[in-house]
Amino acid sequence: MGSLQRQGSNTARSASRMPHWMRLVNGPQTLGHGPIFWVGFALAIGAAVVYPAFADAWSVGNTAYFLCWVFMALGLSLIWGYTGALSFGQTAFFGLAGYTYGVVTINFGAAYGMTLVGLLIGVGISCLGAALLGYMLFYGRISGVFLGIVTLSTTLVFATFMAQTAGSQWAIGDARLGGDNGMTGMPPLTIPWVGGDIALYSGVPLYYLLLAMLVLCYLGLRVLVNSRFGNVLVAIRENPHRAEMLGYDIRRYQLIAFVIGSGLAGLSGVLYTAWGQYISPSNMNLAAAALPIIWVAVGGRKDLTATLVGTLVVLGIFQNLTIYGSYYAFVIMGLLLVVVVVYLPEGLIPGLVRLVSRLRKRKEGLS
Amino acid sequence: MEYIHFAFTAFYQFGDAFAFLVLSAMGLAVIFGMMGIINLAHGEFIMCGAYVTVATARMGVPLPIAMLCGSLAAGMLGIVLERTIIHRLYHRPLDSIVATWGISLILTQGTLIVLGSSMAGISTPLGSFSVGNYSYSTYRMVLLGVAVLVLIGLYLLFHHTTFGIHSRATIQAPHMAKAVGIDTGRMYSLTFGLGAALAGLAGALYAPTISIVPTLGANFLVESFVTVVVGGADVFLGTAPAAATLAVIKAFLTGWQGQLMGQVGLLITVMVVIRILPQGLSGWLLKGRT
Amino acid sequence: MTTNNTKLLSVEGVTSGYGTTSVLQEVSLNVGRGEIVAVIGRNGVGKTTLMKTLIGLLKHRQGAIRFDGQDISALESHQRARLGIGYIPQGREVFSRMTVWENLKVGEMLQQPGEGVDYERVYEFFPILRERANQRAGTFSGGQQQQLAIGRAMVGKPKLMLLDEPSEGIQPNIVKDISRNILKLNRELGVTILFVEQNLDMIMTAQRCYVMDKGQITRELAAEQLCDRDAMRRILAV
Amino acid sequence: MTLLQTENLYKHFDGVKVAQDVNFSMEPGEIRCLIGPNGAGKSTFFKLVLGEHQPSAGKIYFSDQEITQLRSFERVKQGIAVKFQVPGIFSELPVWQNMQIAVQNHLHGDSMTAAIDKALAFVRLTDKAGELAGELSHGEQQWLEIGMAVSTEPSLLLLDEPTAGMTPDETARTGEMIKALNREGMSILAVEHDMEFVRQIAHKVTVLNFGEIFAEGTINEIEANEEVARIYLGTADDDE
Amino acid sequence: MKYSTIQRTATLSTLLAGSLVTSASANDPIQIGVLEDQSGNFAAVTQVKVNAIELAAEEINAAGGIAGREVELVIYDTQSDDRRYQELMRRVLQRDQVDTVFAGFASSSREAYRPIVNQFDGLAFYNNQYEGGVCDANMIVTGAVPEQQFSTLIPWMMEEYGPNVYTIAADYNFGQISAEWVRQIVEEEGGEIVGEDFIPLGVSQFSQTIQNIQGEAPDFVVTLLVGSNQASYYEQAASANLGLPMASSVNVGQGYEHKRFAPPSLANMFVTTNFIEEVDTPEANAFVEKFYERFPDAPYVNQEAANSYISMYLYKQMVERADGSTDKEDLRAVIAEGDVCFDGPSGTVCLDPKSQHMSHNIFLAKVDENHEISFPETWENIEPYWLGENGCDLTQNDPSAQYTPSSPPNE
């Protein structure tokens, strides 16, 4: 478990002896380093790869569905956990990208890899939206709670607006926005293939695609946060004043982190939309907007691995509570949230890591 | 005559919106504006006030007393929650989002489990009156009156009573307040309880006019946050002018472009205000004074 | 040296500080009933830390603090204050968004049970507090804020007043006013006073004084030594 | 050429004057100390130079270029660095990473590693490279911050009470550090109360009082100045 | 024999489970998935749907099951959350492998799960009154649709009270589409829409709306309000002494507002519904009595409860007529015969093969000052004609789409 602790004294210095790429994914900003962690990581991926062979189709599809959401959580971890700016409105970008995917694919169909183009355009539009909003926020020096309120307002305005677009005049090309009932009829993701496209319904192929994307995204973010750029983000979170006095334009860094994080929210939005062939304003309302914050806060926002694992754990627990908890699901969810916030302020995963290492130390002390 | 009717109509609509914003925001203004706790369970305090009011009124208790009971019950609930959970979160306001969200889930669903999915309501008292061709609900004018009274009452409470002064001192400079002998822990509890009681009062006052369901608090949440954010930290100098400004915007947009624009207009106002006046209206008003 | 044999405040081997660093190292000192005692020293030697430790805003790690015969080490700040310790912090810390009157009103908290609040007495000392009762405290100048901070403490009729650098950032002539008022408080109301300072004008108000350096009390000076300006200057290292 | 110069600098806060007609200048290579009673406007002056406050009136020049309108980080890039009074470090990050954040802005790869090692050696924190900065002693935190400030290779280093809270031994070491930096060509402007320390390092001393420059000269001139002694210490013998 | 509610633990699933082969033997129970909102916003209205399904399942099992097979319910609480519908619809179809699903209250929930039903080619019953227009072979809709409710209600109201109509409607699909229907019918009948207000979901304050209505002085108001927040309108209108007759297709019959609000706020309200507990026919009374006997704490037996109950029996009939097959196409072949009918709580109702919607007997319920209900008028056997007339014919092809009057299928 020690391998899950943040890189400490010796590793920081020995970092220079590592191969370059190892140094990138292994930096001080992420929990987990050294051979034990990476062997564990490889085993986890291995397990994830063979998982479909042992699980039933629903479980695989359901896991794929969970994976859709993790990107948004990772994005929020970057914005909130690493940069220290709480965005309460990631669902605005989620929805924006989802609707964009719908508009593109309904109008241009799924052939010739158009769904992948739709994915890229969706993510691109959400990045653009985030750049506009982020510019207004960070260059306007809005921070703290107020940042949360403005971003929340944004997503609520968007949701309220979309809810009343039921009429047929609200259409972009062939794509009807559909009001509160949402937009339907978009194709799932497809991969162009000789002899006909492969449509990725929520089954094993989609699972593998998402798994691959997630691993890439996770490693990519690890590289990012452990890079010079990530150093600055953490510096801004820890002490924005000092960071600025070391010559960094902190607004620019905050903006870039916000755009990347929102792009990931957009990616989640596209994946969710393609998965269920459906997107609606209820994905952007207050309840939906609070969810990513809960995943990230409960998991442990200051670390990508904690966010990743925590999000999957929370999604799984909440869904199982819904399935087995009947009436009491919400009550138990609420209690869990309160307990985690009060007793594990750093989040579930870092809290557990700390607990285990403390127990281990005590054991070592005894022996 | 036409003009007088028109003027009264405008006044009534403004007053109605104003009362709703003031009453639903007051509790939050104390808890979020003053104490900095982002209380997503605000709606559930309102729900608590409404439920207790309806339940006691249906047991035959006179309505005003039932409303008082509703408000007190919410206040009590607030104090209990502060003592058990909230007081651990003062130094990390962002985490309070998650905790109060959890509390909100527990209270809403708990109410559903214990009291069922809905509750029979009570009638709006006091009937109606007419001006020109229009008839109006008398009770809603009473709500306006109560809103103004609550504002005045809070002003007096915070500026002319020992509790109010100690509470403000505690929130402005907790260390110094401790050093002059104020039990700041108790002040935090009481202030939070006051905020909860005010939320409960909003629920109590609106209980006769709305559906009594466990999720009723959600109706109030967005509007109250909007008002408090526009208002800024000062309960009196912030919430009152913010509610007045927003009421004008809302009444105007709703009357002109319908309810949708009324809603959207409110949210856009918040974004604009935060951009221009990061400290809210009260920050701006206070700055002008020094 | 004490004018009164009974000790009002006694500090024995107190160590305290922030985080892992100790700023105060085993500090011991006594203040007798009715005395005016100063703790002097340059910036950064731990004077403010001493004051915060005495009022309880910082918890000490070692040693004991006794006030009026009672061990107050375990008490919270507000409990210590209610025993009769008035605290006037560095930078005054008036409640700046509240009015002058409200600031005074907060001070009532300290008042001993059964005694009325004598605002007249406060206004007699500081007439400006009556004249500007409804002005926001944040709009006062430094000197006026200092008067308010002292007035706020007076309202509670404390037995002991702790003043942290009362002259800081204040015009020399106002400093003289403040030192006069402190003397008057001591003489007329019998308030015991402990203050930390580096300003000679203020220091001369004291009857006795401790010199502090690097978190420790290094010397104790009697009243006559306080009058030797050159010696004092050497101590204050200018 | 002057390194730093201010022209008729004014700053008001809500009617309170915290800088009044400040005309300050210092030469390259100088160690200047800024003294004055608490509340005399020393910190405000620093903030004006750093761009954290905008002056109400007046201009600021650095290396003969006007920087009045530049934002803080741009001034830092021009060659100004600062060490704050309260240690401004990234306390939850290891020492090595603190240093890396400071250095990476202008150096990469091996030269960055070398620069970090050099800076750590300079502030004697090589052995503590892996510790969390927040767990260092107070003096070490001050040095770490000096190390961070210095490693941006500034031509002017601003120090706000660099020795506050240090033991005499630490204070003396800090003085040596500053002199060593100066020998390498760095100019230093320090706010300091410890006159012994000022005597150890300062070429020239500027006294501020109520937002104005009250006196300026060598340490001996300043110490001999009765007026300075009066404002700094207050005096019993000036009756109105 | 008692039905059992399955809330399955994770079974050690086999690779076989991945395929969708339902090779049920004659003795395996027939499984019916039930996805309804028992928590959250809609719980007040939908809990009774689950109860009605449970009641029907118990009766059917007591009478020997469906084609000799026991009925087993797989019930999940969807928490008024569209995403839960998506997750759980996949679960019931893919893991629990139910034979059919009874699902959904909000239209958005239906639209959220519909693509998934299509993906797995399942069969879902939507037992709600709604805005109409779903033309999807995988869906059977038993709730009333606008043409059934408005073509009866509006002309009656216009004759009774006059031609000037004011509509207030929830600002989303149901409200907008229903308002479109009202407009069309009013104009056809030679009346005039004097005003329309659309209210965003979640709005609970209506002073401005009430005043707008007074300003136009209509003969009656059509209220198409949705959710507990918007229901607050009635109390607020009453307290402002608006005093106009009201007509609705959705309130009372669904959310039993006349029980939840104190009288006389819903006085002079006219509602067309295919069932409410006050309907005074022998079949209806028997059903309501059975219902309260089994669920004494139920707040109200609304139209959705009756529809859900009826659906169970329709399904039973279809499966039995398909010789025990639960295959979707076999069942649709039965529907195509055009005589799948059931004589239940609301009288005789039949499934329309073209749209797979249900015909209804429409009762006009009038709420009086004491919130007592009377029925001034009843229309028998009103067909869900609109989809069929406009080119939706599921016996020919399956567009799996939802149409609206402004964009009908044959366009």
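Residue numbering begins at 1 within each chain, and the chains themselves are lettered A, B, C, D and E in the order written.
The rule is simple: a residue touches a chain if its C-beta (ideal position, glycine included) is under 8 Å from a C-beta of that chain, and two chains touch if they have at least 3 such contacts.
Because the structure is predicted, anything quoted here is derived from the model rather than measured.
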- Task: Could you tell me which chains are in contact with chain B and with chain E alike?
- Result: A
- Task: Walk from chain D over to chain E along touching chains and report the minimum step count.
- Result: 2
- Steps needed, at fewest, to go from chain B to chain C via touching chains: 1
- Message: So using the touch definition from the top, which pair is joined by more C-beta contacts, A-D or A-B?
- Response: A-B
- Item | Reference chain A; chain at largest CA-centroid distance | C
- Query: So, what's the distance in Å between the C-alpha centres of chain E and chain A?
  - Reply: 37
- Distance from chain D to chain B - Cα centre to Cα centre, in angstrom: 49
- Query: Just how far, in Å, is the C-alpha centre of chain D from the one of chain C?
  - Reply: 31
- For chain B, write out the residues touching at least two other chains, lowest number first. 109, 112, 218, 260, 263, 290
- Of all residues in chain A, which are in touch with two or more distinct other chains? 160, 164, 327, 329-330
- Note on the structure: chain E residues touching 2+ other chains are 39, 171, 198, 200
- Query: Can you list the residues on chain D that touch chain C in the complex?
  - Reply: 14, 16, 37-40, 134-135, 137-138, 161, 163-165, 167-168, 193-196, 210, 223, 229-236, 238, 240
- Item | Complex contact set, residues of chain D against chain A | 50, 71-73, 76-77, 81-82, 84, 88-94, 96-97, 100-102, 104-105, 113, 129-131, 148, 152
- Over in the complex, which chain B residues touch chain A? Could you list them? 36, 38, 40, 85, 88-89, 92-95, 97-99, 101-110, 112-113, 218, 221-222, 225-226, 229, 260, 263-264, 267-268, 270-271, 274-275, 278
- Query: Where on chain C does chain D make contact in their complex?
  - Reply: 19-21, 23, 42-44, 139, 141-142, 165, 167-173, 175-176, 198-202, 204, 214, 229, 232-233, 236-238
- Provide the residue numbers of chain A that touch chain D in the complex, in ascending order. 7-13, 16, 28, 228, 231-232, 234-235, 238-239, 241-250
